Amino acid sequence: METLVEIRRLNVIFPTFDGGFRAIKDLDMDIYSGDKIAVMGESGCGKSVLGHSIMGLLADISLTTGSILFMGKEIVGAKRSTLISLRGSKVALVPQSPSTALDPVMKVGTQIDEMFWKEGVPRKEASERSKKKLEALGFKDSDAIYSTYPHRLSGGMCERAVIAMGTALNPELVIADEPTKGLDPAIKIETLKKLYTSCADKTLMMITHDYYAAHICNRVCIMYRGEMVEDGNWREVLTNPSHPYVRGLWSSLPKNGMVPINDPLRIVPGEGCGFGDRCGSYSERCNGKQDMVTDSNGHCVRCWRAGIE
Amino acid sequence: MMDTSYIVYFLFGNKRKIFGTSIIVVMMLITIFAEQIAPYDPLAMDFKPFLSPSTEHWLGTDNLGQDIYSQLIMSSRTSLSIGLIAATMVVFVGLTFGLIAGYKSGIIENTLMGTTDLFILIPSLPLTIILISYMGPSVYNIIIVITLLSWCGTARIVHSRVLQVKEQSFIESARMMAFSDRHIMFKHILKNTEDVLLARWCLAIVAAMMAEAGLAFLGLGDPFHVSWGGMITDAFSNGGYVRGMWWWYVMPGAMISLVALAFFMLASFDKDHIYVEA
Amino acid sequence: MRVVRFFVIGFLALTIIFILPRIMPGDPIDNLFGENASLLNEDAVDIMYAKYHLDDPLWEQYLAFLKSIFTFDYGYSIISASSVNKLIAQRLPWTLALTIPSLLIGSVIGFYLALYCGTTRKITDKTMTSLSIFMHTMPTFLIAMIFVKALAFDLGLFPLSHNNSGTYSGGWMWYLDSMYHLLLPSIILIIGTVTSYYLTIRNSVLEVKNDDYIFVAESKGLTDEEIRSRHVSRNALPVFLSIFAMGLGGILSGALIIELVFSLNGMGTLLYQAISRQDYPVIQGVFILLTTWVLLMNLVAEFAYGLADPRIGDSHDRGTK
C-alpha cells in the first residue's frame, strides 16, 4: 500500500481584517493508494479547505504553510505549471454545488471534452470519449446530454455530469466535495454508486456531512475547527468512536435521539483541545496541546482519554 | 429613511472615496464663497482682451477683456447646481417609476416600463436641442430637459433591482402580515435599493454636467449664467481656440473633470467595481 | 408580446416626432427669407405655405406624415433646395465612415483589453482603468479640442477641419485626402468607445471571475489563457453584445459633437443646421430615420443577447421540465 498523499503540519490561514482565520491547524495526514476516505465534520470545520489545498487551489487567496506531498511532488508553494499539469489528470475535483459548477454558456459535453483536450486528444475522439463517459454515468441518451446546456439538467443529472467531468482522465485521486448535498434520498444512493464505480481502483476522498453517505468508504476522518480529531476504519468511527466530539455528533442524529452537543461551558486556552470548551469529559489535561493517539490498527484520535479507555 | 452608517461608508469608506469627498467639499466651498474668492467681477470688461496668464490675471482675459479666473470661480455655481439639481430630480423620477413599476406588476408595470422604453429609444441629443430651442436656454429649462431625458436609465435599473428584491422571502412575510403596499414599498424595498440609488445619483451628476456642457457647446447654454461648459464654448467660438489660448478652455475642462472624477470615486464601491453610465 | 410593444412604442415615437418640429418657435418661411421676408407679397407667402403644406389642418398634415413614412417620401427641405432623401444620402456616408470603424475597432479593442486586464490584475489594469476614468470625465468636445490643438495645430500632423481639402475632385487622391481628414475625429471616437467598453466589460469580467465555474475550471487544470479565452470571454459576451447593439443604434447620430468640432458634413451637422433654421421636413426625415434605426437595433440587441446566453428563451420551457 503506497502513500499517495503525505500531509505534514499543514496550516491554512485566510487573511481577514482582524488578523486572519486559521481554517486548518497543524494537520498531519497520510492518504494511501486505493483508500476511500470520507472527510466529515460540521460546516466551517475546514474539510473543503483541506480538499482544495491538496490541489493547490488556495495558493492565491490564503497563507498556506507546511507540506503536502502528492505522488512525491510538493504542492505547497509549487509552481503554477506543476499544479496545472497535475490537476485533472492526476488529482481532480468533483465540485460542490454542481449546477453552478458548470459553465452556463458552454455545452455540457464540451466541458468534459476540455479534460481530454488537455491531454492532446483530438476533438472528434474527445467527444466520443466524453459521450462514453456520460453513458457510464447512467445517461441513457448521451448524445442529447452532450449537446445540452447545464441549466436544463436537474440537480442529480448535474452531479453525475460533474462526476463524469472530474473522473474523465481517471485520476489517481478524486476529491468529491459534498456529492450528495441537496439531492433527493432516492437519487443519493444511485449517485454514490456511480461515484464509487467511477473511481473503482483509484483513491477517493469524499467530503461530506451525510452520515449515511460515509458508509461507502473504508476510512472515515472527522474534522473539527480545522483539526483532525478522529481517523480510522469506517465501522469503528461511525458506530463506536472514541473522541467525545464524534460521539456527540452521532448522538445528535435523528436515529439516536437527536441529543445536541453542549453550548460552550468554559474557556480553553488556544493551544488546548479545540473541543475542550464543550466537552463533557473535560479536565485540566485538556488545556495542553493535544496530540493524536494512535492504536495498533492505525486508528487515530486526538484525545488523551482514548489511550486510556 | 436613509441609513446614516451607510452614508458614512459611502463618503469615507476607503481612500478613494475620501479623496472624492474632499474634492467635493472644496468645490462646495468655492461655490459658496465664490464672490469672495474671485479677484474681479467676472462680467467687468475693464481689461485688455486676450491677455495671457499673469500675476494680475491668473488665467488671462477673454475676448471681451473679462478676467478668466474670476469667470472660472463664478461658473462653478452654475455647473454644480445644474449637476446636483438635475441629478436629484433624475433619481427621484426614476426611482418613483422604477419602484412602482417593479412592485406592481401587470398593466401598471407594462405602461410605466413602456414609457421608460419610449424615452430610452428617442435619440436624446437631437431631442434636447429641439426642446431647449423651444423652451429657451435658461438654467431651469436645462435642468428640466436633462431630467426628462435621463430618468429612464435609473428607472430601468431600479425596476430590475426591485424585481430582484421582491423575490426574497422577507417581502412575502411582510405581505402576510398585512402591511399596506405603500409601507412595504418604502420601508423594505426602498432600503434595499439604496446602494444602487446612491451610485446612480453620483453618476447622474456626472452625466448632467456632461450634458450641460454639451448643450453649452451647441450654443444652448444659459447666456446669463455661464457654466464651465459655457466657458469652453466661449473659448471655442470667441477666438481662444484659434489663438491657442489653451488655458482658457483646459481649466474649465479640468474643473468639470475633477468634479466628475470625485463623484465617480464615490460611486465605485470597492477597488473593483466601477459603475459606468452604459 | 415583445413585438407588439415595439410597434406601440414606435408609433408613439413617430407621433412625437411629428409634433415636435411644429411646436418650435418661429416660422420657417420667415427664417428662409430672413430680412427679405417683408419684401414678399401675400401671394408668394401663400404659395410657399401651400408648397410645404404648412397651413393644412393638423390632422391632415399628420396623415400625410404617416403616409410619407411608408413611402419613404420625406419631402423637400425648406431651406436648401433639395429633397430630404438626397440630403440624407449626401451626409450619411460621412457619418457612417466615422462611426462604423470607430464602433468596430473600439468595441473589439475595449473587449479584449477588459478581458485581459480584468483577469490579470496587474499594472496594465490599473493604468488602463485610471486612463479610462480620466477620459470619461471629460466632455467629448474638450478632448477633441485638446487633441486638435496638440496634434493638428501645434504638431501639424492632421488637418484642422472639414471632410476634405477640396483640392481633388475624384479618384484615389480624393479618397485618401478624405480619409486623412477623418483620421483625427475617428481616433477621438475610438478612444471614447474603447474607454466605455473597457469599463463596462471589465465590470462584467470581474463578476464572472468570481463565479463557481471559473474556480472549477481552474481545478480542471486549465491554463489561465484557456480559462480566459474559453470561459470568461464567453460569459462576458452577452453584456458585450447588448452594448454593441446599442452602439449600432447610435451609428447614425453618435458623432454629432465631433462633427461640429471638426466641421464635418455629416448627419449630426445636418440635423443641427435644420433645427436652427426650423427646416421641418429635414428634421422629421432625420428623426424618423434615427428612431426607426434605434428601434430596430434594440430588437437586434435582445435577439443577440438571447443568442449569446442560452439560458434566455428557455424560461418558457423551464416550467414544463
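We just call them A, B and C in the order they show up, numbering each chain from 1.
Following the convention adopted for this analysis, contacts are C-beta pairs under 8 Å (C-beta built on N, C-alpha and C of every residue); 3 or more make two chains touch, one makes a residue touch a chain.
Because the structure is a prediction, the values reported are computed rather than measured.
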Could you pull out the chain whose C-alpha mean position is farthest off from that of subunit B?
A
Contact-pair count is greater, between A-C and B-C, for B-C
What is the distance, in whole Å, between the centres of subunit A and subunit B, each centre taken as the mean of its C-alpha atoms?
53
Inter-centroid spacing, subunit C versus subunit B (mean Cα positions, whole Å):
22
Centre-of-Cα separation between subunit C and subunit A, whole angstrom
54
The residues of subunit C that touch subunit B in their complex are 5, 8-9, 12-13, 16, 20-21, 23-25, 129, 133-134, 136-142, 145-146, 149, 153-154, 196, 199-200, 202-203, 206, 243, 246, 253, 256-257, 260-261, 271-272, 275-276, 283, 286-287, 290-291, 294-295, 298
Touching residues of subunit A toward subunit C in the complex: what are they?
52, 55, 57, 83-89, 92-93, 95, 97, 100-106, 114-115, 118, 149, 151-152, 154, 165
Under the touch definition given earlier, write down the residues of subunit B that touch subunit C in their complex.
110, 114, 117-118, 121-123, 125-127, 129-130, 133-134, 206, 210, 213-214, 217-218, 229, 232, 236, 241, 244, 246, 249-250, 253, 256-258, 260-261, 264, 272-278
Contacts from subunit C onto subunit A in the complex sit at residues 211-213, 215-223, 226, 230-231, 234-235, 237-238, 308-311, 314, 317-318, 321
